[in-house]
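Below are two complexes that have chain A in common, paired first with chain B and then with chain C.
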Partner chain A sequence: MTETIELALKTLEAQLNQPLETALEACARCGLCAEACHYYRADAKVEHIPAFRAEKLRSVYRYEHDFLSRLFPVWTGAKKLDEPTLASLTEIAFSQCTLCRRCTVNCPLGVDTPLMMRAIRAMATASGAAPEILVMLADSAIEKGKDPSFFKDLFLEQITEMEEQLRDVTGDPTATIPVEKQGAKILYVPLAGAHTILPPAVVFNAAKEDWTLSIFEAANYGVFLADVSRAKQVAKRIVDEASRLGVKEIVIAECGHAYASYRWDVPNWFAGQFDFKVRSLIEVLADYIRDGKIKVDPTAIPEGVTYHDSCNLARNGGLIEEPRYVLKNVVKDFREMTPNRDEAICCGGGGGLVALAEYADRRIAAGKPKAEQIQKTGAKVVVAACENCRLQIGDINEHYNLNVKITAITDLVVRAMRLPKPLPGMEAEHLFEGEEVTVERG
Partner chain B sequence: MLIFQLLALAGLLAGLYGIYLRYAQTKRRALPVDKSPLKGNPQHGITYAFTKGMMPWAKESTRLHMIAYLRGIGFHIGIFTALGALLISPFWTLLPSLLSWTLGGVLTLGAILGAAGGLMRLAEHNLRGLSLPDDHFAVWLVTVWMAASAIAVWNEAWMAAYYLLSAITMAYVPLGKIRHCLYFFFSRTFFGKFFGRRAVYPHPEPVVMDAVVLHPVRSTTADERGR
Partner chain C sequence: MSDTKLSLDFKGLLCPMPVVKLAKAIKEIQVGETLEAVATDPGVMADIPAWTRSTGHELVSLDKREDKTFKFVVKRVK
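And then the complex of A and B:
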């Protein structure tokens, strides 16, 4: 047995807890999960059935753990793990499953196939077989956390520029983007890029919120690698920052995996040291609208708008009605996709897939069911509260000629707030019904 | 006959012991304790997982394959009936005729549905691709056992064969795929805990928010879900 295989098996053993063993044992191979998977919906072949994929890991598990399988491996499909099998498992887990859990909710036994795919990802990561780009992104985030001074000056410079833009668009000379504000109530954790900082800053200022901006990004590539050690190190940067500043609450940008991990995993990774409330920016927006902290115009967005449920936010995160509440307060013509909510179809961009260029063709092919769903609504705007979903829907928009605009919820809320000036890059959308285009070009 | 009865009993005990070993092995494994703050209720999630969540209309997959799902449900009702029938088999002659005929009828129906499942596994492309030798063997073994139960209920001459088949079936339970009967309970429990905790299941009540509600959120109707 090679060292790689030994490491992979050791990782499987280490993960083998009650839920994983149950997932490995419970499947009756009834095939009812087939249509639940967007890969199968896009290309109906046996290899795309979740149970078929999971069977690849089960065969390895049986070989190691099942009495009958050791005697008669052919009878139960048991297989000794070797290098080609590990390579095939790795490819399946990283390129043919977005960990959306749609198969789980459609399984009569409730088999958690994504849990098995995570186990494979962990095996691949531990044995050095995981996609390098994900490892690199996770490691660079960890390095960034070790020495923030390396990037902090540049970051603060960018924030100062953004603050000027903020004052300009809001017409409020006192509007700020506080960074490292001691004792603030909220620590807002953005993603990379001004588009996840400026619109929320507009909202926080309008709501007169006591907030501060994190110097780190919410994205956590350790999660995609199913590498708890790396994922913990990435999350620790924000946990430490929140502790240092003494905030009460961590608010996560519109990002599916970041919300799911900080809301549902991080409290377990840092048990005993983590007493922050974690909310998504969407929940905060819903509260502001409900409490009248921000004023929004429901007629500001006249075009047909549909909402894509990110799997990490809705099915895996429980954020189902909150985004709808916000949208129905700012959108005139809201159209549901069918199916939606817990039954929503994955766009194909989850599980770190958008970062893996080598699997782009598969990802876009698997986005076909989502493209068809969007098309059926006839909406001109697709809202997604997750950056990876937005990137994927952007790609399928182009590939399947959907001719839609893709946006975040906060962007629409800011539009509905009727600011004196539009946010940079949103000049055309700033128009209200009946107004003429007067975009100045420099 | 006593020998065959003892054989069946030995098979049953071996099966039960095997299932107990499986249960003990799984229980020995770590059970992660979720310390994240609740949004929903894990208990409600578990209740949902074993009740409403098992209804044929609760999932897209079972709505799409309603007949196949109902066939499976009928097949499993037959299996559990056969198990109960085995336990009371020494007293079958004491059963009132109506009950005896009903028992035979349920077992026959279970066997027919099992045979249909066995044929589907051979004929349907996806099922054939997914199936292992163990899957084919398990479904036909249980089907033949149910058929033998039905015949034996009506005809005492079949009792010896029935007990022999019972011994084989029961002993095989923990060895092959039939042991999913144990993991069904684990799996639905974990499912309910996971989705219940996150307020995904049972479907939460519609969010009613007052104050500046300009477009009140409508209740979550089946139509909105695309059902």
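And then the complex of A and C:
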């Protein structure tokens, strides 16, 4: 047995707990998961059935754990793990499953196929077979946490410039983007780049919120690798920052996997009770509108608007009605996709796939059901509260000629706040008029 | 004139795409050679130094230019 295989099997064994063993044992082969999966809906072949994918890991599990299977593998379809099998498992787990869990909620037995795909991802990561770019992105984030001094001055310089822009567009000379403010109520964790800092800063200032900006980004590529050690190191940066500043809550930017992981996984990884709670920016926006802390013009967005439920926010995160509440307060013509909410179809960009250029064709092909859903609404604007979803919908917009504009919830709220001057990129009076901002993607 | 072997345009790319494309491009040059890129996302000011530190490549320079773009030069080390 090679060292790679040994590591992969050791990682599988280490992950075996009741939920994973149940998933590995419980499938009734009914096939109901097929239609639940966006890969199968896009291209109805057997390889795209979640149960088929799961069987690949089950066959390895049987060989390791069933005496008869080890003696007579052909009888039970058991498979001894070898390098080609590990490579095939790795490819399946990273390119043919976005971990959206729609198969799980549609399975009569609740078989968690994505949990098995995560197990494979963990095996691949531990044995050095995972996609290199995901490892690099996770390690870069960890590096930032080890010594923030190497980027902090540059970061603060950017924030000072953004603060000037903020004051200019709001007409409020006292508007601020506080960083490392001790005792602030909210620690807002953005994604990298100005587009997830400036619009929320507008909102926080208008609501007169006691907030501070994290110096780190919410994205956590350790989650996509199913590597708890790396994911925990990435998360620890923000957990430590929140503890150090003594904030009451962490508010996560519009990002699916970051919200789901900080809300549900991080407390488990750290096995403790935090002094702060975790919320999504969308929940905060809903509260501000409900409590009258920000004023929005309900006629500000006249175009037909539809909302894409990010799997990590809705099905896996529980954020279902809050985004709709916000949108119905700023949009005149809101149209639901069908199905939606916890039954929403994955856009195809989850699970880290947007960063994996080698699987771009599969990702775009798997986005076909989402493209069809969008088309059926007739909406000209698609709102998604997740960066990966927005990037993916941008790609399927181009590929399937949807001719829609893709935007974040906060951007629409800021438009509806009718600022004295528009934020950069929001200069056009209507979303669908004026010059389009072209965003190239890998 | 620099001896940069590859010039890349990352303008319009949002995180994590500049790092994704940089990681791919670094393999197209030889050890000891440099590449340069221009980006518009301010996130590169933190992401690129973090990437070079975690991968062991050398960040030769990283500057904000007057046109509000960011130019960085990276040397392949291994």
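In this text, the second predicted complex is superposed on the first by the 426 of 442 C-alpha atoms of A that agree within 3 Å, B and C clash if a C-alpha of one lies under 4 Å from a C-alpha of the other, contacts with A are read in each partner's own complex, and residues count from 1 in each chain.
The rule we apply is simple: a contact is a pair of C-beta atoms (placed from the backbone, for glycine too) under 8 Å apart; a residue touches a chain by one contact, two chains touch by 3 or more.
Small disclaimer: the values here were computed from a predicted structure and weren't measured.
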item: First, second, both or neither for A:I133, with chain B first and chain C second; value: second
item: First, second, both or neither for A:A87, with chain B first and chain C second; value: neither
item: Contacts of A:H195 with chain B and chain C, given as first, second, both or neither; value: second
item: Partner chain(s) touched by A:A141 [first = chain B, second = chain C, both, neither]; value: second
item: Chain C versus chain B, contacts on chain A by residue; value: B
item: Chain B versus chain C as contact partner of A:M1, first or second or both or neither; value: neither
item: Chain B versus chain C as contact partner of A:A360, first or second or both or neither; value: neither
item: Chain B versus chain C as contact partner of A:L156, first or second or both or neither; value: neither
item: Doubly contacted residues of chain A, that is, touched by chain B and again by chain C; value: none
item: Complex contacts: residues of chain A adjacent to chain C; value: 132-133, 136-137, 139-144, 150-151, 154-155, 157-158, 191-195, 217, 219, 221, 355, 357, 387, 391, 437-442
item: Residues of chain A that touch chain B when the two form their complex; value: 16-19, 21-23, 25-36, 46, 49, 51-52, 55, 67-68, 74-77, 104-112, 263-268, 271, 277, 286, 289-292, 295-296, 298, 314-318, 320-322, 324-325, 328-329, 331, 334, 336-343
item: Chain C residues touching chain A - in the complex, by the definition given at the top; value: 11-17, 19-21, 23-24, 41-43, 45-47, 49-51, 53-55, 62, 64
item: Complex interface listing, chain B residues touching chain A; value: 22, 25-27, 29-37, 39-40, 49, 53-54, 59-62, 64-65, 68-69, 72, 124-127, 129-135, 137, 175-177, 179-180, 182-184, 186-188, 190-192, 194-195, 198-201, 203-204, 206-207, 209-217, 220, 224-227
